[in-house]
Amino acid sequence: MSISFKNDYGQLAHPRILEALARYGQQTNIPYGLDSHSENASRLILDIFGARQGKTFFLAGGTQTNMVFISSVLRPFQGVLSCASGHINVHETAAVEGTGHKIYVVPGNGGKLYPQDIENAVKANLDEHMVQIKMVYISNSTEIGTIYSKQELLDLRKACDKYGLYLFIDGARLGSALTSKANDVEPSLLGKVADAFYVGGTKNGLLYGEALVIVNPDLQTDFRYHIKHKGAMLAKGYGLGIQFEEAFKDGLYFEIAKKTNDMASLLREGCLELGLDVGTSPTNQIFITFPKEAAIALINEYGCEKWEEKEDKMTIRFVTSFMTTEEEVKEALVYIKNLIGA
Amino acid sequence: MSISFKNDYGQLAHPRILEALARYGQQTNIPYGLDSHSENASRLILDIFGARQGKTFFLAGGTQTNMVFISSVLRPFQGVLSCASGHINVHETAAVEGTGHKIYVVPGNGGKLYPQDIENAVKANLDEHMVQIKMVYISNSTEIGTIYSKQELLDLRKACDKYGLYLFIDGARLGSALTSKANDVEPSLLGKVADAFYVGGTKNGLLYGEALVIVNPDLQTDFRYHIKHKGAMLAKGYGLGIQFEEAFKDGLYFEIAKKTNDMASLLREGCLELGLDVGTSPTNQIFITFPKEAAIALINEYGCEKWEEKEDKMTIRFVTSFMTTEEEVKEALVYIKNLIGA
Amino acid sequence: MSISFKNDYGQLAHPRILEALARYGQQTNIPYGLDSHSENASRLILDIFGARQGKTFFLAGGTQTNMVFISSVLRPFQGVLSCASGHINVHETAAVEGTGHKIYVVPGNGGKLYPQDIENAVKANLDEHMVQIKMVYISNSTEIGTIYSKQELLDLRKACDKYGLYLFIDGARLGSALTSKANDVEPSLLGKVADAFYVGGTKNGLLYGEALVIVNPDLQTDFRYHIKHKGAMLAKGYGLGIQFEEAFKDGLYFEIAKKTNDMASLLREGCLELGLDVGTSPTNQIFITFPKEAAIALINEYGCEKWEEKEDKMTIRFVTSFMTTEEEVKEALVYIKNLIGA
Amino acid sequence: MSISFKNDYGQLAHPRILEALARYGQQTNIPYGLDSHSENASRLILDIFGARQGKTFFLAGGTQTNMVFISSVLRPFQGVLSCASGHINVHETAAVEGTGHKIYVVPGNGGKLYPQDIENAVKANLDEHMVQIKMVYISNSTEIGTIYSKQELLDLRKACDKYGLYLFIDGARLGSALTSKANDVEPSLLGKVADAFYVGGTKNGLLYGEALVIVNPDLQTDFRYHIKHKGAMLAKGYGLGIQFEEAFKDGLYFEIAKKTNDMASLLREGCLELGLDVGTSPTNQIFITFPKEAAIALINEYGCEKWEEKEDKMTIRFVTSFMTTEEEVKEALVYIKNLIGA
């Protein structure tokens, strides 16, 4: 594969991340995440995301982070609300249920949840014969590339407060959301609206790693026990600290994210000019609709994923990564133009 | 800390491992462990460990590997037999129990289990009011540095067969066991005696990663589902493949292990000459007894862990790593000699 | 409350059930369900339900039976398909998820699942990143009083076979389903179409108890271990055996069920004559729509449950039990007539 | 079997319990334990056991009660301390581990735990790599018939307070403990020393049922959710209320318990006179040692359970129940006398 739009985790890591690992390769560090790199990375993250009273915990992957955090908060009979397209509901092999908790699913709209969804869900679960909803799970950017506005997040917070619910934000692609041209959310809003959120590394140029920020002090207690109990504590935790330190010490994290968005925009606008339906995603996952044969050719050529099929049309997903270059996008646009004979 | 004998996971990785990661840093790979590096590493491992019908799965850490594998095999009411010092019993924050399974504990002897332990455990659990033991868990090398002989492993296999039990070998430090001067086990014996075992990377010079080999075909089915379900599937699985490929393509894995053993031997023999009780461990974890004050000084100086205290004596653990040099050991021996006034 | 239509478990037990318990009250029996009463009851049930190769296990309640059976069959990453109104999805406080398994929910139609639902669900869950559906759960009669026809059950069996799924039938109100005037299912069909089903006692005149029939021999192994492991094995298991023996030795079970249906029919037809919307349920749960004020009066008078509200109308549920008499129904009809001024 | 010393749950129920069930057989009651009988029984129990601020919850069996309560209290990474002979450790098919929690086992002494055991266990589990012990589980009377003294219970409470642990008392045979001639514990002490305890019905003449008293208000919240979530909420919960109301309204519970103790004493003293080793149990489970052949004959004759075998001696367990009569004991003593030729 010379050019790939399959996903944003098809290459090991941004060169600067690998360089940082090499730089500290033989340095002796305290294990299990109690090292100075992790501490430093944590401080940088809490500052940027407006969560100075929070605590940061570094884990290896997104499903793991969701599973460990959600199960650490809920009591056995409690559940988490998600929209139907939520990653925990669709693409985690029932990992959350595996820890004993129901995901209460509502359709949502455009990959997002709204206050009315919360209210409906709470009111449908009245007594001890039904699951008790205690947490709201959202993703930003969502699984279909959309993002939450500042007002929408504030409204969700308000609805959560009204019903005594925790708000957890899956930020596997938080970088892409916050650097989107359509975004009006300051990073520091995260620390204000969420009880916890995670800042995704794996899909943003790191070798591995997600930074979970637990803002709500009630949820921080003994969290390291939860990590270890779920097999998620890395002996060489400083490997995570080194990467996140590099990513946040001078803005590399957002620089990578912005670049993926820019490349996606370039591709999306090019396709729009070709008269294609390019969807509404303002982030690094875009969904473009082609005549079926063209779509299949593109899947074969660039590793795109099939998203939806309707009559003779097929919508496919393009994802740009930290490796995607302007030249690649332009080459792809030429290929697409030829393909559809526009 | 200039010199450390705290553990074998205090430095990121052997230079060759980091070089391999850098080499493939921007190569595009299929995610989730389905890449060619993982395939290649798997083939090398299955060859070396005599398990050509086996399947290799790469996971991030030891507790995770134990937890995912054990829970994938046992039905809800079944348990696993371990000796009291077993890592799953002591140092995994009840991760196995967290998946719903009892660890049935027997004292064992010198960190090891014997056929009689198995027979006793099975006979003590007779009917549906008691846990049904279905798996035997051992570590090689053990948590106290000892190793199993070929005959001991064959005898355990026989006992497992007699009672219909699976035999699982935790190889967090398998390299050290198999390259010990006291060892008579060929790597290829593993594939013959165990239903499954794992080849530890984290404690043997890798950045992260354990290679789980499931030999018994009955236990291979749908194992990737189990990995994902427990939050243990890395998106960038090829990062594991690249490391294990490098470690096994020309013997680096065993070279690292042998060196840690050699350094531990050097230290142990030096201490023996100083008249100290140096225990019996023939691997890279050694347990040496000092007057209490000297022990405390060594803990402060080298990060050794306190193991046991008896009257005015204290036994402390020294662990050598891929970074430990002959110079460091010699310097430490001088320090020890001065300390105890020998 | 003189007359109650609240539910079918508001009185301890049918007089003959209590008499049977009294008859054997001081008889010494083997504990834990290994007694001759349980054996006898099991044989009667397997005969009647066409499952001579099956095994019967007696448990105390419906949620427990669903939870123990479903979790005994599924491997950790597997899930069960249910329609949205399924009891396991709505009214069991996430007990199934509590055992680690996802309930994959589809809307269904009229409280029932159809082959197309199965096909859609299977096709939506393709690989190891999604839950693996392995069982189909249906209720007969359903949570909204509807029943499956013979053809519908045969079709579901076929769809399950096509995709390698188990079919499990929740028979909390199986008696009412099989004695409904609208029913064309012979009891012996259950043993042919289902891998397992349960014959509900609690809602059919017993003091407590459900008879789970596991037809598929693969699913019978070690099931007593599962029961005990989930805290569901009664020491005085013969108390269950005595009740089911009495219920099935001469048809009492179906006699009770038929009577509840007859009383519900009487009430439903009376309301139909009064011009009310009486729904389509042919079993002992019926759903009748009233002007809101009348509905509230009926809730207060008879303990009916509110089901749905639309503008100025409210649908409420009437349930008849083994205690409901013709006099009570007639009295209620007079009350209703006066209430709505018909 | 004319005479049985197999267990104390071989007959359905004391005649007065069955009469009470018959008396209320057709009375309409609110389901799920919210009825007036349960309320009344609860008040009686809280008064007697000195727990007026407590709450009583009725469950069907002992393993279930242990499992539901323990799992309701512990967070995922926490465990419960038990002595090796503890019912939860030996005879519950790993039900507690099935809910995800480790049972940390210490040998104990005479079936009992002591403050030193608690201190040792807490000190052996230091950090997040080990299970966090949060609860102490004891049984009174114990699984080998012994009982705790008032001072021993107060000392355990003190040790629990010192380490921030909950104390839970399994009272499957609490009646027998509290009516033993050797007992110095007032029932009202239970409400003072325990965070929770249960008053066993199944082994004390009830058809089924255990009354769990949660004294500590922190542990009461949402407990009904836990019951339902574990499949343990009976629809006809008033069946439990009716039985416990009858048992506690005028002392029947203790009367039954005392009688079982008296019958066991009679048997034990008779055997002592015959020169046999009769152990030290002052409750309704006694352990008597016979020449092996005699022991086997008694097992066949009376259903006694084999407990231990040493050379040519065998210790067997005799349990007296609410049905055991003085005539039966005397007849058995004659049989034993003849058997051993004394």
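Labels A, B, C and D are assigned to the chains in the order they are written; within every chain, residues are numbered from 1.
Following the convention adopted for this analysis, contacts are C-beta pairs under 8 Å (C-beta built on N, C-alpha and C of every residue); 3 or more make two chains touch, one makes a residue touch a chain.
Here the structure is a predicted model, which is why all the values come from computation and not from measurement.
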For chain B and chain D, the contact-path distance works out to 1
Of all chains, the one whose CA centroid lies most distant from that of chain C is B
Dist(centroid_CA(chain B), centroid_CA(chain C)) in Å evaluates to 51
The distance between the C-alpha centres of chain A and chain B, rounded to whole Å, is 34
Note: chain C sits from chain A at a C-alpha centroid distance in Å of 42
Multi-chain touching residues of chain A, meaning two or more other chains, are 76-77, 92-94, 98-100, 128-129, 132, 225, 228-229, 233
Contacts from chain B onto chain A in the complex sit at residues 1, 4, 7, 9-13, 15, 18, 21-22, 24-31, 60-68, 92-95, 98, 202-203, 207-208, 225, 228-236, 238-239, 242, 323
In the complex, chain D touches chain A at residues 32, 71-72, 75-77, 99-100, 128-129, 132, 222, 224-229, 233
In the complex, the residues of chain B that touch chain D are 76-77, 79, 90-94, 97-103, 105, 128-132
